[in-house]
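Heads up: the structure comes next, in structure tokens.
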Amino acid sequence: MEINILAFGIAKDIFGVSSISVEVSEQGNIATLKALLEERYPKLKQLASYMVAVNNEYAEDKLIITERDEVAIIPPVSGG
Amino acid sequence: MQTQIEIHAEPLNIQQCIDWVMSPDSGGIDVFIGTVRNATKGKTVLKLEFEAYNKMAISEINKITKQAFKQWPVQKVLVHHRTGTLQVGEIPVIIAVSAAHRDAAFEACRYIIDTLKQTVPIWKKEFFEDGEVWVAAHP
Amino acid sequence: MQTQIEIHAEPLNIQQCIDWVMSPDSGGIDVFIGTVRNATKGKTVLKLEFEAYNKMAISEINKITKQAFKQWPVQKVLVHHRTGTLQVGEIPVIIAVSAAHRDAAFEACRYIIDTLKQTVPIWKKEFFEDGEVWVAAHP
Amino acid sequence: MEINILAFGIAKDIFGVSSISVEVSEQGNIATLKALLEERYPKLKQLASYMVAVNNEYAEDKLIITERDEVAIIPPVSGG
């Protein structure tokens, strides 16, 4: 299935755009997605850390993704 | 128990924020105002850019303010965060908390800004004379 | 390291106080605003009257702000206290502290209001429907 | 010697005026003054506490008073 991924902050710079599409296997989870992204964008691995948000909530590695989810890459936050 | 949360690109208005949290049954208000500093680690800062994942940021700030109401007897809590380009001296964030007694106002305000900086999806890019950097992105 | 201390009977101006402590090398400002609460220990408060021994009060506040500068890396400290008759919702005191980092601003602001309430010769009379009382005068 | 004493807050209510004059012996100290005042105004003893300030500083009991000093009664403070 095709998953649309929003990118913010330095993740947007790494992707070069503010949203990308990746092909994830059915029953793919956050860990699957991270592995895919890190292969395509090795600079992600150089970040201090990063999280994935699904439907505006921080998601754990084992969460299964569906096509209807809003998925976003959350690099280290620095608001305030 | 009232909350006002806003994220937008317009300049923040201190007086409006404080007026909103004031109430006849509060005895003390603590306000934290972040300002853009002219230097970081000895390097001159020219300007900052703030970007937010708005929907999620509002939702995360809402979690923080709910927790503040659970932990302290506070009356009104306001969090305004600005996005876009900010010059030195401008205000990226205002947090205002009113309470019957000052202990609760101070502690909740401190908790909110500390937690906001840890969990809310907002990002800051610092612009120097010789380049720019997303704060905290790299180890 | 700058200090502004005022005691007078005019309404306090929040925006002016905050503008005064802001500076390009500060990153955070903590502000405490006292407000007249409509009740104390469950009794309706009609109004308050504040009286100060002005010269000594200024001198005692000055000791407190000096100590704050010794204890924390703060940049500007402002203490304004109002005297005379105040209605519910009005502001008897504003304390504003700017610093490069928020820890110092929060801690110094808290220290200043806590110590002011203990040592500065200012007195508050509460007016109720059935009488009036000087706060803290009797055991 | 004649000492002029300023009164604030409840002390002003107890004295009935904002300043009084009392005759204190030469070499009289703060303790002497307090004893004199408490005799004349027994309600002072009912306060939670009170201090005497000399020249805008809190004074200890053993401080000797002179005619040129500015002396004030400081009942429990309640500013802020």
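Labels for the chains are A, B, C and D, by order of writing; each one numbers its residues from 1.
Here is the rule we go by: contacts are C-beta pairs under 8 Å (C-beta built on N, C-alpha and C of every residue); 3 or more make two chains touch, one makes a residue touch a chain.
Just so you know, these numbers come straight off a predicted model, no measurement behind them.
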**Message:** Can you compute the centre-to-centre distance for chain B and chain C, using the mean CA position of each chain? Integer Å is fine.
**Reply:** 23
**Complete:** Averaging C-alpha coordinates per chain, one finds the centres of chain A and chain D separated by a number of Å equal to 72
**Fill in**
Per the C-alpha means, the centres of chain B and chain D lie apart by a whole-Å value of 48
**Request:** Give me the residues of chain C that touch two or more other chains.
**Result:** 34, 113
**Prompt:** If you look at chain D, which of its residues touch at least two other chains?
**Reply:** none
**Prompt:** If each protein chain is taken as a node and each touching pair as an edge, is the resulting graph a line, ring, star, complete or other?
**Reply:** line
**Request:** Chain pairs that touch, all of them, please.
**Result:** A-B, B-C, C-D
**Item:** chain C-facing residues of chain B, complex
**Value:** 14-15, 18, 22-39, 88-89, 98, 100, 102, 105-106, 109-110, 113
**Complete:** In their shared complex, chain A is touched by residues of chain B numbered 34, 50-53, 55-57, 59, 81, 92-93, 113, 116-125, 134-139
**Asked** Given the complex with chain B, which residues does chain A contribute to the contact?
**Response** 6, 8-10, 12-13, 46-48, 53, 56-57, 72, 74-80
